[in-house]
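See structure below.
Chain nomenclature is as follows: A, B, C and D, assigned in order of appearance, with residue numbering initiated at 1 for each chain independently.
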Amino acid sequence: MTESSPAPAIELKGISKAFGPVQANKDISIRVMPGTIHGIIGENGAGKSTLMSILYGFYKADSGEIRVNGNLKSITDSQAAIAAGIGMVFQHFKLVQNFTVLENVILGAEDGAMLRPSLDKARGELKRLAEDYELQVDPDALIENLSVGHQQRVEILKALYRQADILILDEPTGVLTPAEADHLFRILEGLRREGKTIILITHKLREIMEITDTVSVMRRGEMTATVKTAETSPEQLAELMVGRKVLLRVDKAPATPGAPILEIENLRHVDAHGVERLKGISLTVRKGEILGLAGVSGNGQSELLHVLGGMTNATGTIRVKGQEIDLTGKHSDGQSRRARGIAHVPEDRHHEGLILDYTAWENTIFGYHRDPEIQSGPFMNNAAIKAEAQAKMDRYDVRPPNPNLAAKNFSGGNQQKIVLAREIESDPDILLIGQPTRGVDIGAIEFIHQQIVALRDAGKAILLVSVELDEIFSLSDRIAVMFDGQIMGARLPSETNQTELGLLMAGVTEMPDKPIIEAVTEQMAAKAQREAARHD
Amino acid sequence: MDKMPAWADAVLVPLISILIAAVLSALVIAALGMNPFEAFQLMVEGALMKSSGWGYTLYYATNFIFTGLAVAVAFHARMFNIGGEGQAQIGGLGVALACLFIPWPHWSLALIAATLAAALFGAAWAYIPAILQAKRGSHIVITTIMFNFIAAALINYVLVNLLRPAGAMEPATATFPAATSLPTFQQMFSTSETVLFRGSPANITFFIAVAACIGVWLLIWRTRLGYELRAFGFSETGAKYAGISPVKITVVSMLISGALAGLMAINATMGEAERLVLNASEGAGFIGIAVALMGRSHPVGVFLAALLFGFLYQGGAELAFWANIPRELVTVIQALVILFTGALDNLVRWPLERAFLAFRPKGAQ
Amino acid sequence: DPALVYDLGGKFDKSFNEAAYNGAERWAKETGGSYKDIEMQSEAQREQALRRFAEAGYNPVITTGFSFAEPIKNVAADYPDTKFVNVDGFLPEIPENVLLINFQEHQGSYLVGMLAAMESKSGTVGFVGGMDIPLIRHFACGYAQGAKAVNPDINVIANMTGTTPAAWNDPVKGAELAKAQIGQGADVIYAAAGGTGLGVLQTAADEGIYSIGVDSNQNHLHPGSVLTSMLKRVDNAVYEAMTAGADLETGKFMTLGLAEEGVGYAVDENNSELITDEMTATVEDAKAKIISGDIDVVSYYANDSCPALDF
Amino acid sequence: MDFATLLQLLESTIRMSTPLLLACLAGLFSERSGIFDIGLEGKMLIAAFFSAAIAYNTGNVWLGLLAGIGASLGLSAIHGLASITFRGNQLISGVALNFLASGITVLIAQSWYKQGGKTPTLTGGARLNEINLPLTETLRDVPVLGPIYAQVISGHAPLVYVAFLAVPATWWLLFRTRFGLRLRAVGEAPEAVDTAGISVIRLRYTAVAICGILCGIAGAYMATGLQPFFGKEMTAGRGYIALAALIFAKWRPWYALAACLLFGFLQAVAIRFQNFDLGAFTVPVQVMDALPYILTVVILAGFIGKAIPPRAGGTPYVKER
């Protein structure tokens, strides 16, 4: 470091942190220069979130020191971090669900004991921030009614409201649509221009390459390398992360679709609040085909998966291999669906796909636990289930390969592998799969994608729902786009591009004559209005 | 991965916790002007050093096993059944009807009938709160509290106005026919030379309680229903994904819970009192909550916790017999035991974990 | 030595367990003897207590409360050398070594009912019971008969506190019941409700009406407000049983009524001004007639109903 | 039913509701902060004892009130220690504290006063007297409203007015102040509070302490106002009813008022109309006794719908396992 260069915005020295026997961070040192975007990558469980949580005062380091703008700081709690100008957007948002945006923003940053003045001030401030950084949100909306993307905006607004100069974002794009992600990056670039410092944790190398100035790689609690982004490549980063060469593209042969396996006609679903979420969906998935369903989250994809998976009722017709299935009543639950050959990897593995407190082996039969094959007399044949679980975990390279460990003790990627192993090995005719690689590291993504393709090649029908356009493009044999509870159209991957899909996802079916962003905004606004009207 | 070996968590933590509770109890006893060591000796001798003491300890424990299991089963489905008290009393009504109105030729038949009746009545009393929770979302905690009061009123009405033998002063049913009298431990284990368990109320129901422990263990960890019940308890959305009906699980778990609470009546009503009296559950439904929580809702834990409480009850009685100590002292000791083993267990666990971690070889994970 | 076993209400229930305790204390003080006593915590302990005391050589073993009758029946044969006494209990057949003592509470209640009716200006008197059990109805029934004997048109309001054991220990609810009865015009209220009754007496004192205590002499609790107390001389029974010691006559059912001075009404310096000579005369007259059989106070137990009151 | 009876019913309702309301609001603070508390009963009981005892010993009811609050705070501190600091099971802690209060009050009462777990009766300044609100006499003769004011509203112990004023105060504190915002947040999402730089621990202890204070007032009211003495177990399950009212009220202050008034009213009705004569047959006293509970269940089943507790309620805040 030469004399003339400014002090690093953040300098961590020798940070260590253990959670009981787990050494999450080992003697980590890192410098982040002001006015830059600094990326951090690493496998699931590498210790990225822990490190950042220490910087933000959420956890306390066992040893090490923190300097902000060259000054030694003792960050014992988040208040101290905030005072030092640090803001953080956590991987799992820290918002109060039944509070308004405004209330969430002022929480902990109120002026005085009365709420009213704080709220009034924050309202004005939010308006200003929204204009400056394209961070529009309705200040009076309840968080639970906002999309994830908007919730994230609230988190960023919270940090900016507290006048953060250093902003940490932990896997911010994991839950965003491509459009939302682009939007976020524009915001981040704007912030960088203003001289703010940003630390970005992500699993997506594309994002690292696109926006960061420097990137640090973590592995098993240690910092293995810090490189200038301009001087590295995705392949090199992947190797640094995982410790071996990783294939970044999906290798697959062209599809040979056969007979229709899953036929959906005029499917409609009204949710508990009386809002129509599916407005007459018709779709066909064929044998040996991956149908990718693209769309901004909240446009009915989740509901479609829920209906198909038997978690909720609907009207219309669904045929499996030509036979109609029950949509309401006794035979419309998840187990009946499984009996008809529909396997379901749900979007939310923490709340749906897994019972986090169950052991891995218990989770390998979740939903299939009434299968006569695993019963012996009135009881479940636990020994056999465990043995089978062990075999599955070995085949799917679940780490650690210990079937007695509770599901919550596995990293996201490995949890996903447990779900996949269960659903794929049930030998279904149809696999419904939602957000297969959300929050999963590169090594695991590669593996998961290979499994999906292998299943297709084994002649199964696959319905893939993902908000990752990259994933949709690289896996799908056919792409359908959903918007506002309807299918906007279907395309072959070879005959379309991200721009066209992006428009369809925003409900624009024809190439507009006006600038694209305007058309998109118009459609979105119209949809928002319709929804607001329904709520009244 | 674990911070400390499982045996330490299962044995060391509760043991030290009980020790702390004992020390505090000793202070209270000393404050009342009595020698705590003598008091402790009295308790142990009275409750554990002779067979008749065991006879009482096990009798109380039997009650607590049933009510503890009842709470535990509901807990696995994340349901808080505070209604054990009412369910046990209504179970007693079932037992009374079965014993009084059918002329049984042999106790074994009567026992089977009474067991069924107790379970059925207890389950029925749990059914309404359960169905209201499942279908209408009425909070089970309130409804079961309310049903305790309603049960007391109902039993009072029945005993005062319907089942009381004419002219009897006591609001109780007639004594059950001799043929329904259950074998006591004294009858079962005494030999011609030695009388064991003399006069104590422990009876064959204890083995039903043990069987219930095993049954609940099998149910929860070995059957599909148990699997679904626990899954539902951990995550309702997860259960939905797996095709498990929340309504069914709510109702079924509460029925089982109510039946178990009802079974307490075969011990207290058929085995001991041999007639149904007012307030026959005597708070065992509430002790069951503590027992289940302390036993971590596991049948083995419930069994051990029930034994502990049986010991406290019987030991406390001994104290009262020979030391003229107000009976509220036992309540205080119970409170301390519940507090330290059940709620302040981390007070012991954390330092222990640190100690174990410190002695762990470096690098091992 | 004798032993004394109290019922679940506990030694200091301000009522009949306490009366037993007082009798025992009196005996101990006068004779210099010592006795052992214990409070019950649970049903199962009843038999246990009897056995433990019998085995330890205590004699006689005195118990209070009807719930002891059954346990005594079960253990008496095992300890032929021990004498068991029970206050309030009933057994169809009485073992050799058992003495059952009953009180004619309805007679005593009848007398205080008369006093209540004579004192009442409003023509309405009240009764607050603890739990709704036959024994309490028995009290209420005698009371109502006495009141109606004085004033056939009198309105007797009888209320029970509840159906759980808490009904014996809820002075707040007792007070509320008393207020309700006062609201309905009652100006004398008889409380037979253990700890709950204390709330009734308190409220009566606060609201300036009269109350009637039960079991022990409760006149001193609120001098000038407690009109009288219906005495149930459990203390005498215990005192005498202890005095007789091992020579106690058993194998019988003993009924203590007005004739035996087992029940009565209390007059002392706290209430002497409230009870006029005229009232005394009327009550004493009735007392004599009851003893002689000229007045028949119907017991609720006779056929589980009361001629003067609906339950 | 005539007007006079109605007035009496309402008056009785106020008295019966007051301890429920105080305990219910106490529970509201605690549970809104994420700490479940089934130990309301025990706190009231211990407060009842110490308020009566200290009022008796000093002859001053206000010192008694302070002592009651202090004792209740003591139990709160244990509950806080168990459920906040040591992340123990909140239900067990509550159960244990109920037992503790039930035993220790009688033990101490017995060793101090030897009256069988009862305190001596309070007299004079040791007793909480009823007060008349201004203008009671002037307004008494106004038709309808006058008697309502004079009999139902005026003439209660001061703590009654404290209880009823506590409702708007609670509402204001909860929804209009910084403290309230944070309190509500910590019961919903403690991690959000933590990352906003506010101490979860401190907030929760504060809430638990407020709970202790309110329970203390409730207990003191019972043993110095409603009755001028403490008797064993004299709270007689009111803590549980308050808990039911809290759930009923969906953890909201104004609803809590309504729920407690309803419970109080039902109890008042049951007290006044025992052995309800319906002409053809008499409703037995047991039915009237159970009526408040039966009606609660019916209302719960029919009108209230799902009561959703604070999301983080009952679970300790753990960031590092």
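Everything that follows uses one rule, which is that a residue touches a chain if its C-beta (ideal position, glycine included) is under 8 Å from a C-beta of that chain, and two chains touch if they have at least 3 such contacts.
Quick caveat: nothing in here was measured; it's all calculated off a predicted structure.
Looking at the contacts, which chains touch chain A and chain B alike?
D
What pair of chains is linked by the most C-beta contacts?
Counting C-beta pairs in contact per chain pair, the top pair is B-D.
Using the average of all C-alpha atoms in each chain as its centre, how far is it in Å between chain A and chain C?
75
Please tell me the distance, in whole Å, between the geometric centres of chain B and chain D computed from their C-alpha atoms.
29
With chain centres defined as C-alpha means, what is the inter-centre distance between chain A and chain D in Å?
Inter-chain centre distance comes to 46 Å.
Can you work out the whole-Å distance between the CA centroids of chain C and chain D?
34
I need the residues of chain C touching at least two other chains; which ones are they?
10, 132, 163-164
Give me the residue numbers in chain D that touch at least two other chains, ranges are fine.
110, 117, 286, 289-290
Do you know which chain B residues sit against two or more other chains?
Those would be 149, 152-153, 156-157, 160, 326, 330.
If you go through all the chains, which pairs of them touch?
Chain-chain contacts present: A-B, A-D, B-C, B-D, C-D.
Along chain B, where are the residues that touch chain C in the complex?
56, 59-60, 149, 152-153, 155-157, 160, 164, 166-172, 175, 198-201, 268, 272-275, 277-280, 282, 313, 316-317, 320-321, 324, 326-327, 330
Spell out the residues on chain A that touch chain D in their complex, using ranges where they run on.
Checking each residue of chain A against chain D gives 19-20, 56-59, 77-82, 88, 90, 94-99, 103-104, 106-110, 112-116, 118, 158.
Could you pull out which chain B residues touch chain D in their complex?
28, 32, 80, 128-129, 132, 136-139, 141-143, 145-147, 149-150, 152-154, 156-157, 160-161, 286, 289-290, 293-294, 326, 328-332, 334-336, 338-339, 342-347, 350
Any idea which chain A residues touch chain B in the complex?
Per the touch definition, chain A meets chain B at residues 20-23, 309-311, 333-338, 344, 346, 348, 351-358, 362, 366-367, 369-370, 375, 378-380, 382, 405, 409.
Quick one: which bits of chain D touch chain C in the complex? Just the residue numbers, please.
Against chain C, chain D makes touches at 4-5, 8, 12, 15-16, 19, 110, 115-118, 121, 222, 226-229, 231-234, 236-237, 267-268, 271-272, 274-275, 282, 285-286, 289-290.
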